[in-house]
Each structure stands twice: as C-alpha cells, then as structure tokens.
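Chain naming follows the written order as A, B and C, and within any one chain the residues start at number 1.
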Amino acid sequence: MAATVHAVLTIALRDLRQRVRDRSAIILAVVAPFALAYLFSVMLPGGSAAFHTSYAVVDLDGGPVARSLVNGPLAALKEAGVADVTAMADEAEARAKVEDGAMAAAIVIPAGFSDAVGAGRAAELKVIGGADATLAAGVARSVLKGFASGVESVQVSIATVLVSSGAAPDPALIARLSGEALAVPDPIILADDRTADRVASNMTFYAASMAVLFVFFAAQFGVTSLLAERRAGTLARMLAAPISPQTVLAGKVLVSIVLGVVSMGIVALGTSLLIGARWGDPVAVAALIVTTVLAASGIALLVVGFAKNEDQAGGLTAIVAMTLAVLGGSFFPMSQAPEGLAQLSLFTPHAWFLRGVNDLASGAGVEAVVSSLAVLTAIGLGSGGLGLLRARSVVLAR
Amino acid sequence: MPTPVLDCRDLRKRFGSRTAVDGVSFSVAAGETYGLLGPNGAGKTTTISMICGLLGRDGGEVVVDGRPIDVGSTDAKAAIGYVPQDLAIYPDLSARENLRFFGRLQRLSGRVLETRVGEVLELIALSERADDRTSEFSGGMKRRLNIGIGLLHRPRLLVLDEPTVGVDPQSRNAILSSVADLGSEGLAILYTTHYMEEAERLCDRIGIIDEGRIRAEGTRRELVGLIGEKDRVTLVAGGSLGPAARALASVERVQEATATDGRIELVVEEARSLLPRILQEAAAAGAVVRSVEVVEPDLEAVFLHLTGKALRD
Amino acid sequence: MTALTIARVNLLRMLRDRTGLFFVFLLPVILIVVLGTIYGGRVAPRLGIVAGDRGPLAMDLEAALRSGDLRLEILEVPTATELRDRVERGVLEVGLVIPTGYDVTLRTGGTATITILGQQASLLSALREGVAAAVAEQSARIRAARLAAQRGDATFDTALITAGDIQGTLPGVSVTVATAGERLFPESAGAFTLGAQSQLILFMFLTSMTAATQLILTRQLGVSRRMLSTPTSVATILAGETLGRFAVAMVQGLFIVVLSAAVFGVDWGDTIAAGLLIVAFALVGTGVAMVIGSFANNADQAGTVGVFAGMVLGALGGAMVPIEVFGEPLRTIAYITPHAWAIAGLREVAMRGGGVAQVLPQLGVLTALGVVLLALGAWGLRRALTRG
C-alpha cells in the first residue's frame, strides 16, 4: 500500500514538475482565466442588470400641481437612486440632450398644466424618450401616470357617484363628494420585500465563469500525458517497474486534480485580492472548486479514452470544454436564457458550479450549495468511472 | 571526362564571424555518387543549401546541368531533386497529396503528374498506403516518402542530406540500396553523411569535409592511399601452408606472408585487384583455400589522419 | 499558378483538421444560436406574478401590467416560494405576490397587501413605478365604487364597472411619449444579427491565429525549404502562403455570413460594403498570421498565446460584449483593435443601411493595418526562408 502511494506520488510529482516548466500550461491554467475575468469585469462596470438613468425635467408651468409632481414622485426617483433628475428651462435644449444620449429622457410639464387640472380640463404631460432608452422612458411614463392616477382618483369617484345616482353636478354636492372621496382609505397597499442576493456580482461571475472554463484545459494535462507517454515509450518503461496500471492511472488523475485545483484556486484568490471579486464562504468555495475539478478531470479522462494521440485528445478536450462552457453559461448568464436552454444547461458542470457561486453571494455557507456539490461529484465520479474503464485499455494496449 | 552535372567552385559562406564554408570545390558527373563525409557541423548542410539555391553565398559559383544556380534562379532548380535531412512532408496530408503538391511545384501537371506520382509510389513501395495520412506512417515510410518527393520530376542531380539519420537498420538498408540503384541508372547523386560505412558502400568518390573545407577527395582507395596503409588478407586454408606462404611472399605488391595455424596472413597493397593472383598462386603452391577475408583500412582512419579528430564523438 | 497550388494545400490542410473544423465552423454557429436565443430582441425585464386565486380583480391587475408602459414580460408563477427562488437567482427581475382572497378582501371593504419582490434596489424602484401606476388605477376605481356603494347609489360591482368606464373617458391627465434620436440597434434587426457580426469577427481572427501556427510548422518541418529547392521563387512562396491564409479566412467568413443569412435570417446589409469589410478584416487576419508565422518558432506556444491573444483582443474590441456597453476610457481604447473597427463597420452596414461610402473610415483603417502587417509578414518570411 505504502509502495503504491509512493509510486502514485512519484509519477504525479514528475508530471507536475514538467507542467510548471510548460509555458502553454501556465497560460491556459492561470493567465488566461485571470486576464479574461479582469477584462470582462472592467468592460462591464455597472453590471448588465443594474439600472440607473437620467432625466431632464422642463417645468414650463410652475403651478402648484406641477410643483407637487417635481417635488413628489420625481424627487423620490432621485432619492431612490434610480435617476439623476436635472431641471432645464427649455424644451428644445432638453430634447437635444436626449438626442445625443446625454439624457435618457426628458419630462415636459406644459404651461397651463396646473390650471387645466384644477378646472377638470384635459391636461397633458410629455415624455421625450431616447431611442435606445426604452426602459428609462417607460419608467418616466409610469411615474407620470401614477401621479396622474392620484390626481384623477377624486375625479373618478365624483363622476362615478354622479353617474350612479343620476344627481345633477351641483357645485355644492361636488365639493362635499370630493371631501368624502378623499376620506375613503386606499384599499391596496404595495409592500416591498427585498430578497436575498443569490446573484454574484459581475466581477465574481466572470471570475467564476472563466475559472470553470479554463479548468478543463488545466485538468486535461494530467491525463492526456498518458497518451504522450505511451507514444514516447515511457509508459511501457513505467509498467515494466513493479507498479500496476491502476497506479499509473491514479498518478495521472492526481496530476489533473492538482493542476485543476491550483488553477481555480489561483484564479479565485487572485480575483478576490486584485479585482474585488467576492466569492463568499471560503469553505464552500473550496468544496465547489474540488468537486468541479473532479468533474473536469473525470470528463478529461473520458475524452482521453476516445483519443488516439495527445493531439487528438487536446482537440477533443477543447471541443468538449467550449461546448459545455457555452451551454453551461460561462459566457452568458443562463438566468437570462429561455426555459429550454436553462434546463439544458443543467447537464453541464459549469452551470452547477456557477449556480453554487451565485448561491454563496448572499453570504451563505456550505449548506447553500449542497445540491451543486452533489451533482458535481456525481458528474465527476460518473464520467471518471467510464473514463477509467476506457483509459485502462489505453494503459494496457500496446 | 564529360561535363559534370554539378560543378561548384570555391563556395564560401560566413554566419557572422563564423566561417561555415571556406572555399569548397567539387563536381559530380552523371551516374556518379559523390559523398560529402564529415562530422556534424562540418559545413555539409550549408554547402548543400548553397548548391540547391536555398542560401545566398558569400563567394564561389554553382553550375547544375550547365546552368548557374543562385537563390533567385528558379528555372535552373528543376534539374535538382533535393531531399532534406528533416522530414519535409505535410503530416496531415496523404502520401499521394504530398507528392502531388510538390510535383506541381516542380511544374508537373495533368497526366504526367499522376503517372509520375504512381511510379514514385511504386518505387518507394508506398502504393498500398498512398492515401493514408503521413502522420500515421512509420519512421521508415516517412523517410522513403521524403526521398520519393525528390525523385518526382526526374532530376539530373539528386541531393541527399543525411537521409538515414535516425532510421532503423532495415529501412536504412532499403534506402541505401535504392540510392545505389538510382546511381547506376545515371543520376548524379550528392550524398552527405557522417556514417563512414555509408560513404564507403555507396560513393564512387568521397570528399572529406571538416570546418568548412574539403580536406581530401578521391575514391575510397585513393583516400586510403593518402595515409599509405595496406590491406590485410586472411586465407583460411588447408594443405601445405608453408610453401604457399613463401610463394605468395614473392608476388609483387605482397609485402608480408606468414603461415599460422590453418591460415595464411598477408599484408598487401590493393588487395582487391591482386586477389585473383593471390588465390591462383596459393592453389599452385598446394594450399586449399576455404575462405578469404580482406580488411582494408577505413575512412575513419583517414579522417583521423587528416583532421586529428574522430568522425563521431 | 504555383502560388495557387500552395494556397490550395493550405485550405486542404484546414479541412483535414477535425478539431479545427469545430472551431472554424461549428462553434461560431453554436454561439450565434445561443446568443440569439438568450438575447434575441428581448430587452423587457421579466416580472413574475403569483395571481392569488385568480379572481377578476387580480386578473384585471395582471392585464393592466401586461399592457403597461414598461412592456414587461409577465410570467405567472404558481407559488410565492418559487417566485422568491427565481427572483433570487435573477431569472426574474421582479416578482409580485397578489394574495389569496384579493378579490374578496377588496369587495368586502378590506385592505389588500400586494408584495413586490426584488433584488437590486435601483431596478426594483424603477419597475416598482410601473407596478404602482397600475395598482393606483385599480385603487382609484375601487375607491370610487366604495364611495358609491357607501352612499347607496349603486352596488359595489355596478359602480366598479361605471368607474372603469369613466376612468377611460375622463379628460384627466394624459401622458404622451415621443421618441428622439436614432436607435442604435433598430428593432428590425433580427435576434441573431448582433451575435452573428461579433462572432464572425472573433472567429475569423482566431482562425488566423491557428493559421499562423500552421505556417510555423511548415517552416519547421522543412517544407518551406523544400519548396524553395523547386523551381519556385521566394516571391511565389510568399504569395502562396499569404493567399492560403487569406483563403482560409474568407472561406470561414463566407460560411458564417451565408449560413447565418440563410438559416437565421441575419441581414448583413449592402453586399458590397459588407463584403469589402470582411475582405479587409481577412487581410488583417492574414497579416497577423504571416507575422506570427514568420517570427515565432514554437508552434505550441504560438498556438496557445495566439488563441489567448485572439480572445483578449476580441473581448476588448467588442466581439464578446458590444462596445456600447463599455465605460470610458475602454470605449476609446477598444479602437486599437481591428475588431472594433470591423464590427463598427458591419453594424453601420447591417443596421443603419450604410453603403461603401459610410464605412470608408473603417475600410481605410483595416486595409492600412492589413497592408502594413502583410508587408512585415512577407519581410519576415523571406528572411526566415533565406537565412539558412
């Protein structure tokens, strides 16, 4: 037993020493994921889902109703951090700002707005939306409509009573009704509930997605060297020593796992220290990394079983890694994908790893990622088991 | 002597401060196999590169088949079949595709090209595997293809740069005998090697090259003659050996003849030409010769004599 | 003629490499499909709704949200727990729980509480306005109906219908929306168009990086020297190798263009302008391949570094994420990459109907860069071939 362990370690150490000297391996395992994660996180500063916009407000009216709009809902938008609200004196100026994209939309309160509302006449508010800021224009319109509903609410109540009772619109009655209408309490309350954050920040997402993309390249080095050694004849030489084929395989798999863990570990640590990624609970992250590396090594072993030489194995691994990465959401967050694609992604280790990292974003511990750990381990053991069956023939076949 | 197929005069090449080739001159006639024998780094490949127009030269001239060769002279290169030391074939193409590609570069086309590709595949015994990727070939098969490509366009001069390096003995023998066949068909062959046995076996004339200069040139015999060493002939024989030895000692160019236990040892000048006479004399003196062994002094010794160093480290 | 033979063998070798075929032809198409499926024209935030016991008032509110100003994509979710899970995972931007008994509560004079769930404070506040507007409208009708019922003028239900009719006809305050400026990506652009252009550029460049390693191998195998020993001039070999790499880039480019147009309906715009841009970008790719192929000596390393550099340049040049999303100064820095120029040109042609005249700057930059790189590559290869 001790002799076997010694042999496994000897094989693994020799391989690892060789990899450390191999610049291609270092680029693929460490430099590439780190650099790409950095680049992505720099390119997308605010994050794709964060929303902030800017409005120009042109108050041509200046009356009490207009002021209540500016100081009420519009000021609230600013306070909530949704939008910068800038007052402008001139509609043409505001429109120009919107056209060149400096402002997302302009809100125009026409002259005579307050008077029209007071007299129950038709009044109008205008939104000038930027061509590429449909959401911003929509939000502005909603705010104005909400304000309008409040203004209208009393008018609706009075008109409903008048129509229902058939009474004449006597000014005294209207005055009394408006008092009664205001007294009716709001029947619907809109209550806010912030949910736990289970979406990793942009930095963290790209750090994690690049780490899991490139770990497949890192993990392949260990097991594909089986094919290289078979060609070079050093495999035969190893087997001529008093060690079993299983020992050789174990040594190679160990190399894959070590390389994978080192690769992901460096990326996790590096992105945390240098670009402010927040991976979450270290124990849970470590568990996710180890199980993901297990899955990647298992898949690499399976691929090796199907390859004739190391070039072919390298090519196949690249194909498998890229396909899984695309489907598994390494490039585009699968939360944005339609249902079918999102389901499909759950067949990839990438999706489960990223899901785990997202689950940790709220500060949860290992218990939050149990399902990810289980699936990743199952993928690793399943593909690795099948891979071992095939790889044994690689070792034994002459 | 007829006009040589290859004639090079005073070739010179410097790389920086190092002189790689320092005034090399020699010529190769049709049907002649000329060997450039020298250790690694002697200037063999540089010389060949200049001859094939792959490398500009600092001095001298090269004429192949009556036309001067330089880096720019494309047309004249058609007379040369160059077989580089590296396996210069595309691993991801089949043998046939490799042959076709280089055939087209040699300006063959259409039916002529296809016919030649077929003939060459036959010649290098790869017809069966013609459409397999060369990456799946054994080392020997790749070597054969490497040589075959150089023969496609029926060159007047075949230049072989160490064609047997890293080849197993069996393939090596096959390569050597096919080169010998080509030589006997009238092709002028320039052959570089650092294997003395190959030069001895194949080459009609040999130039010994070291540090960019040809130190000596001639037939194997002439080269050996330079150092004046004699051949040793051993006759394994029965019958009256003593008288036979005495009779042989009196033959012209036999310098020594001693009878020992069941054999007669002779020291002879040019044993090959004298051998019939020796056997005749021995038989006349009553010896029954069962076998003959001739040991000639080798080029290794010549090389050592000329350069003060061994051919191989 | 001989140059064509050399070019042809380059193409043949590309088609022989099965791994290469995946990266040259299949992966770009997969990415175009996945990108198109995920982002295809969908800009609306997703709102999940648990519609209580689906009474008329609850459904009324849902309908109002559906036709609201935010153009939200509304998805019904069966339970509040599932809604919360999906919002937490970011599958839904915002969630709304209409309680069970919503209708009964409102009809019997009670107060109903609708819960709005969200994750990112800012987006939630923005979407909240849209939800609040719809709620306020329903609230106004119910208050009117309650007042009428309270006074005995009509039943609640009758008054509610009356209030709804009145709300629709009341002069009230209307909100009009006008649009200023020009859309960056017109809505007419198909779901796959954005992805197709960036993937085309990303992968043409990556393929050129692979083509560079082929040239290194050709040199190292001694094949180039052997070519030179035939009656083939250095110039012809240069032309052939260059043409070969160019042909590889163009074959891939045309494959992606034709397939994406035929199968996914991607509109590439003016054929001549788009064609010229692709040719110009292929020139750049060829130039880069020739430079690396001539100067680098380790094919393995050049391969790894090349693909890595291709991805970084692609990312920086807006081939993975549109440049418009970048912040400054990256948005300006991006234009040191040929990718940014090529994509800008292709967008101009495909989305704004630009012709050759509109993309002259991009064509100029790409062609100039291509010519400089090609000259450098040719010089390098000539040097490598004749150095000995």
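Heads up, the rule we're going with is that contacts are C-beta pairs under 8 Å (C-beta built on N, C-alpha and C of every residue); 3 or more make two chains touch, one makes a residue touch a chain.
From a predicted model like this one, the values you see are computed outputs, not experimental measurements.
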Centre-most chain [mean C-alpha coordinates]: C
Greatest separation from subunit B - chain, by CA centre: A
Inter-chain centre distance, subunit B versus subunit C - centres from mean C-alpha coordinates, in Å: 65
Distance from subunit B to subunit A - Cα centre to Cα centre, in angstrom: 70
Centroid distance [mean C-alpha coordinates] between subunit C and subunit A, Å: 16
Subunit C: positions in contact with at least two other chains: 17
Interface residues, subunit A side, partner subunit C - complex: 23-24, 27-28, 31-32, 35-36, 39-40, 42-46, 48-53, 73, 77, 80-83, 95, 98-101, 106, 117, 120-132, 134-135, 137-139, 141-153, 155-157, 159-161, 163-165, 177, 180-181, 184-199, 312, 314-316, 318-319, 322-323, 326-327, 331-338, 341-342, 355, 358, 362
Of subunit C, residues touching subunit B in the complex: 2, 5-6, 9, 12-13, 16-17, 218, 220-223, 225-234, 236, 386-388
Partner subunit A, residues of subunit C touching it in the complex: 17-20, 22-23, 27, 30-31, 34-35, 37-39, 43, 45, 68-71, 84, 87-91, 93, 95, 106, 109-133, 135-148, 150-151, 153-154, 158-159, 162-163, 166-167, 170-185, 300-301, 303-305, 308, 311-312, 315-316, 320-321, 325-327, 330
Partner subunit C, residues of subunit B touching it in the complex: 13, 15, 46, 49, 52-56, 71-72, 74-78, 80, 82, 84-93, 97, 101-102, 104-107, 133, 149, 153
